[in-house]
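Naming follows writing order (A, B, C and D), and every chain is counted from residue 1.
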Amino acid sequence: MLKRLKKYSDLGYSLIAIILAFAIGALLIYLSGLNVGKAYSALFNGAFGSLFNFTQTLMNTIPLIFTGLAVAIGFKSGLFNIGGEGQMYLGAFVTAITAIYLSFLPSIILIPLVLLAGGLAGSAWSFIPGYLKTRTGAHEVVTTIMMNYIGILATSFLLLRYFQETGPIPQTVFIPESARLPELIEFSRLTWAIFIAVFVVILCDIFYKRTNLGYKIQTVGKNSSAAEYAGISSDKMMVLSMMISGFMAGLAGATIVMGVLHRFITNFSPGYGFTGIAVAVLGRNKPVGVLFAALLFGALQTGGITMQLFAKIPMDLMVVIQGLVILFVATPVLIKKLLRK
Amino acid sequence: MNIIEFKGITKTFGSLTANSNIDLQIKKGEIHCLLGENGAGKTTLVNILFGLYNQDKGEIFIAGKPCDINTPHKAIELGLGMIHQHFMLVDRLTTTENIIAGEEPMKNGFVDMTRAKKQVRKISDEYHLSVEPDAIVENISVGEQQRVEILKVLYRKAKILIFDEPTAVLTPQEVASLFKILNKLKAGGKTIIFITHKLEETMKISDRVTVLRKGKVIDTVNTSNTSPKELAKMMVGREVLLRVEKEKKKSGETVLEIRNVSLYGKHKRPLLQNINISVNQGEIVGIAGVAGNGQLELEETIAGLRKIQAGQILLNGEDITGKQTKERRGKGLSHIPSDRLKRGLVPSSDLAKNIILGNHNAFSKKGFLQRDKIKKYSKNIIEKFDIRCRSLQDNVDQLSGGNQQKLVIGRELSTNPVFILAAQPTRGVDVGAIEFIHQNLLEIRKKNKAVLLISAELEELMSLADRILVIYEGRIVSEKKKYTREELGLLMAGEKLG
Amino acid sequence: MSEILDVIFNINTFSAAIRISVPLVFAAIGGVFSERVGVINLGLEGMLLGGAFSAVLGSYLTGNPYIGVLLAMFMGAIIGFIFALFTLKFEANHVVAGVGLNILLLGTTTWLMQIIWGSRGTSVNVTGLSEITIPLISSIPIIGKLFGSHNILVYLMFVVVILSWIVLFRTPFGLRLRVIGEHPKAADTLGIKIRKIQYTSLIFSGVLCGLGGAYLSLGHLNWFSMNMSAGRGYMALAANIFGGWNPLGAFGASYLFAFTDALQMRMQALNLNVPNEIIQMVPYILTILVLAGAMIRSRPPAALGKHYKTSR
Amino acid sequence: MRKVFVTLLILVFAVCVIAETKVAIVFATGGLGDKSFNDAALEGIKRAKSELGIEFDYAEPSAITEYETYMAQFANSKNYDLIISIGFDQADALTKISERFPDQKFAIVDMVVVKPNVASYVYKEQERGFMVGYASGLMTSQSADERVNDDLVVGVIGGMKIPLIDANIAGFMAGAKYADVNMKALHSYVGNWADPAKGKELTFSMYEQGADIVWGAAGRSGLGVINAAKEKNFYAIGADSDQGYLAPENILTNGMKRVDNTVYIAIKDVIDGKFEAKIYSLGLKEEALGYSKNLLPADIIEQLEIVKKKIIAGEIEIPAVIEEVE
């Protein structure tokens, strides 16, 4: 019973943090002389107002689920993976290349294979900071940030020199139809990727709650000395955890290429990897929490478009709100203090 | 004249009442012992006095005046000084820097280091503390670190000195010299509050004793009017068996054998040198020594948490030198770690998860944890080892220290080990739990298991161990079946038996 | 090959590296003050951005760039205080709070830019800081070229490097600060006012970042541009670590990063056979390599990233 | 009287029709405030508003995946007579949206989308590169000018290495060498469209290597190029629109890309009923690309005009890839 209550209060804190962030956002809108009601109703309509809008929200949610999971999984072993962006680029790039070069395979083999390739590319990229952390103690926060720059430059290098479609644009050719994820609703760009995402969330949940490996990783995250004492190699678990984390970020890239862009283009991401941090924090590093947090951020992004178009409120307000949500969610103490008053 | 008077001090932490309506008077110029078991509320009381905690109720009078001591800063101003059980020293700074921080001598807006060192040397000489002003704290001995702590307090012109379990980390010889310093301080007009759970020390050093039990004052007595037996009775509330009954037993085959093991730290500093130990079936072998002489390294070496540079470790005749912790555990090694919170437990995980720690693979089938099996097993251990908790879903950090330790011991003794490495198994637990733990160790000995007991408690070693080895500066300096306390003390201090 | 050597041992490369290093140095020393007192500061990036924005705003409102610099310092102080409030008082996870601060400031500056200047990308041009030529020094051959003629913030940077070192290692404030970062409880029992020093340090850290940001927007350019810190705060954090949490080390590390960047820019124009992207990677790869190497040698303040409840 | 009334009626009606022309424009991800590409497009649509009396809405997406959402929002409202996409990376999104809304008219600048309802406007980028490169080549040997040094070195800075930018760079290098075969034309990339500080340092590094005229084709990073030239008093060349006002003494010329004109013409075509779903390949000939006079001396302008004619006549072959310049 007590545990139940604690669970709900966790959720409660997150909700209060969101409400606080929106309240400050409203204040900002008001101060800049705009209509708060109009802004937020446009925001809500844009995100959930119609089936189509909702599909767009879901479409924007998918990469955030994966990058959010990436950060959350890192946290489980006590590591902070800020390198989701770079890992995602690698994942997207390798996905596109594999799909193009293996286009002769039938869909049923190609799709899983390409997904796997994208995930593994992300893993490979996150392996480096993981390995350096365990070997030399180089702080993963800094190394993963550096790996972002390197990853984006590296994909751009490979693309331009070896895989560039003829023409003026830095992009690969389209991946074959057989490697694309089918759309659920025509023109919506909402594909089966949403099922893959939800499936992965469930898998992660089971992984951490039920499996021995998940248990070992969390033990390392909570107390690495105790893990070592129990015969669990914290180095191995950290590297492994980092690789699973990178795998998720890689999947984010893979599903964007297979479901939305259908090719690799430089500069395709609006910072999904970074938003993933906010998603993980808001979701309290729990897979199911990540799912809902991603939905919120996806809705902010989609609704923000309508808000900008029809209420003339700059999209950047959504960035402000995201920042506030992270700050508030990070401080249950603040919320407790506010509640007491 | 009472320099300090506590009146009705009460302090609770959540549901735990650490101090309940405490009344206590300290006389000027006396050495006053606060005696009690772990968890009796001694440390809480002095932390309140020193401004580290605020009391819920009650008042403190210093020299007759009521004082609201809400920060250590205030306490220092009032002439209080505290020598903490866990030293409050910054390892990377020099002794002088540690001493002056917060009250630095100044020259033109900068710290005047020359004057600071001079002052340190002066006070050090005055009380024979022999502290080197330029030494980096992490490079000096534990005894010297403690003297730095005393210097810190004297530097701040403290008139009342509080010592929180100061002897826990010292050799008997160092204890003797500490007592000399204490008497010197007393002669210099200082008042000393001395916290301990050791009867013998209390008898030796104090003028008066106040016994605390479960957060309450039992009584304050003049030391000259009491006896250890009486004090012990007040401390635990009943007659205590100070000796454990142990049946005679013939030891069997060798289980653990350590051959010429050496271990080096940073800059090739030797941590363990040429260690040879063997432990047989049905035998408890004790390792005695002052903290910091290689016990932790020895423990970690046997558990496979450190790689050794030379030598061999055999378990049941099999070479396990290069084997990982996991494999060693698989071959029947159990380990009660000296630092249960750092090593032995995952405090933010629930009981069940802690109970399978280290043995988790046995509860895993095709990669999945078998939840029902874990639940049944955990319940069984909780019952058998009398772990007081509300439910299996409780996090371990909600348990008391004693129950946490019982969990560790229960877990480690239930895996059917052939060899138990027990390091400081009764550290920081109350007398009731100590008895329980000792009984369990003897039980396992009866079952013909081999136990290596690393302990800082001489009583514990002398009553449980069949053989005792003394470790000093990373070497085994002596091995015998029986020692007197004095012999052990000398050996632990690096002396030879004449 | 000789071309490359020419570029490396060119006085201009060293001089460019000074300019590139300025925001890094300010932010890195800001990092030193924050981390020495126990708070991991990932928010350097946002602090830089906030400083850059405020500097331009100040100059825009008054026409005087020096008031811009003052406003940047003031806003930096406020941002530092907010960060302190969240990490110390509200016990937020330092890293998460830093990330949140960065996102918040990115959003806020872009949003304010649209309100004030009606543009999302760049502000209007304002009066920037002009170069000050020091007569004696500028006439010395090599030194003159390196140090003779810069804007005030470059000179201030050198002053800050030295002063910070003195404050940290020669004053009571510095000693107390270091004790807190290593062992807050020890500081507490010594009667040191922990919170006061922590807040002061973090505010100072914000002020330094404000100066670094002001250099980016007013010293190096004369306008604000969306997200113009472009990751320099993260590089600064790495420089602080690589520099062993020491102002002099942080300066050295920042200068090394800046030098590789300056070199990278010059190498590009040489038309070597190395692809551009690879050359551009050099500073980042270097950062990783030095970090991997440096961590073995230096160790962070012992209480870095931990929350400590002061006595009550 | 009746005549007047009818005329008035027709006028009112006409005004109504014109006033009801609504245009939506989706900018490239760099957003407004680049003082070149996106801002130029905004300029064009503003001109259409004041001269043709249209209404417009705009969107500033921050990511490629957002293009389609914005376009769909605009098309779905059925309010707009024309939706304009600015920037090459909108092509994929537009391809799909134009299929989905076959009755909606679209235009795209900088890329080709072959659909029955899309007008595509693309530029022969290398042509303007060549013109400003040639101008730099001629100018750098004018030793009388204090902003020019003795070295025969000029430079061009790209935002990122992408083929479109490389076409400009290739044209620039070829143009510079056309002026003098011994000319050294440096080139490098910022690696970011929005880091003016780095753009500035990169320009300094070229200046140190002898370049006295540097062209910045780097979005907002290009603003740093101009700032560098102003500070050290050498020449910068602006991009896309006339950036002369940013540094009147130091902007030699601009590599003009009349996105404003293109946008204006696209809108006018719709109003005039002349919308055609075809590919307009624009260059010097169409006055869509070119240079601006700014500080160019008269004799150099003369030579530029000669070369311009030759290019239009197809007498000069300009490479679009850097490797082909040699």
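One rule holds in what follows: a contact is a pair of C-beta atoms (placed from the backbone, for glycine too) under 8 Å apart; a residue touches a chain by one contact, two chains touch by 3 or more.
Everything numeric here is computed off the predicted structure, so don't read it as measured data.
If you take chain A and chain C together, the chains in touch with both are B, D. Here the chain pair with the top count of touching C-beta pairs is A-C.
Of all chains, B has its CA centroid at the greatest distance from the CA centroid of chain A.
Separating the centre of chain A from that of chain B, both taken as means of CA atoms, is a distance of 47 Å.
Taking each chain's centre as the mean of its C-alpha atoms, chain C lies 36 Å from chain D. One inter-chain figure worth recording: chain B and chain D are separated by 76 Å, centre to centre, where each centre is the mean of the chain's CA atoms. Within chain D, the positions touching two or more other chains are listed as 60, 161, 191. Shown for chain C are the residues in touch with two or more other chains, namely 120, 276-277, 280.
Multi-chain contact residues, meaning those touching two or more other chains, do not occur anywhere in chain B. Pairwise chain contacts present here: A-B, A-C, A-D, B-C, C-D [touch as defined]. Remark: chain A residues 3, 210-213, 215-216, 218-219, 222-223, 225-233 touch chain B in the complex. Contact residues on chain C toward chain D in their complex (touch as defined above): 10, 12-13, 16, 19-20, 119-122, 125, 216, 220-223, 225-228, 230, 261-262, 265-266, 268-269, 271, 276-277, 280. Note for the complex: chain B touches chain A at residues 303-305, 324-329, 335, 337, 342-349, 353, 357-358, 360-361, 363-364, 367-369, 371, 393.
Remark: chain D residues 29, 57, 59-60, 62-66, 68-70, 72-74, 76, 88-89, 91-92, 96, 100, 111, 125, 160-164, 167, 191 touch chain A in the complex. Put simply, chain C touches chain A in their complex at residues 42, 86, 89-93, 95-97, 99-108, 110-111, 114-115, 120, 231, 234, 237-238, 241, 275-278, 280-281, 284-285, 287-288, 291-293, 295-296.
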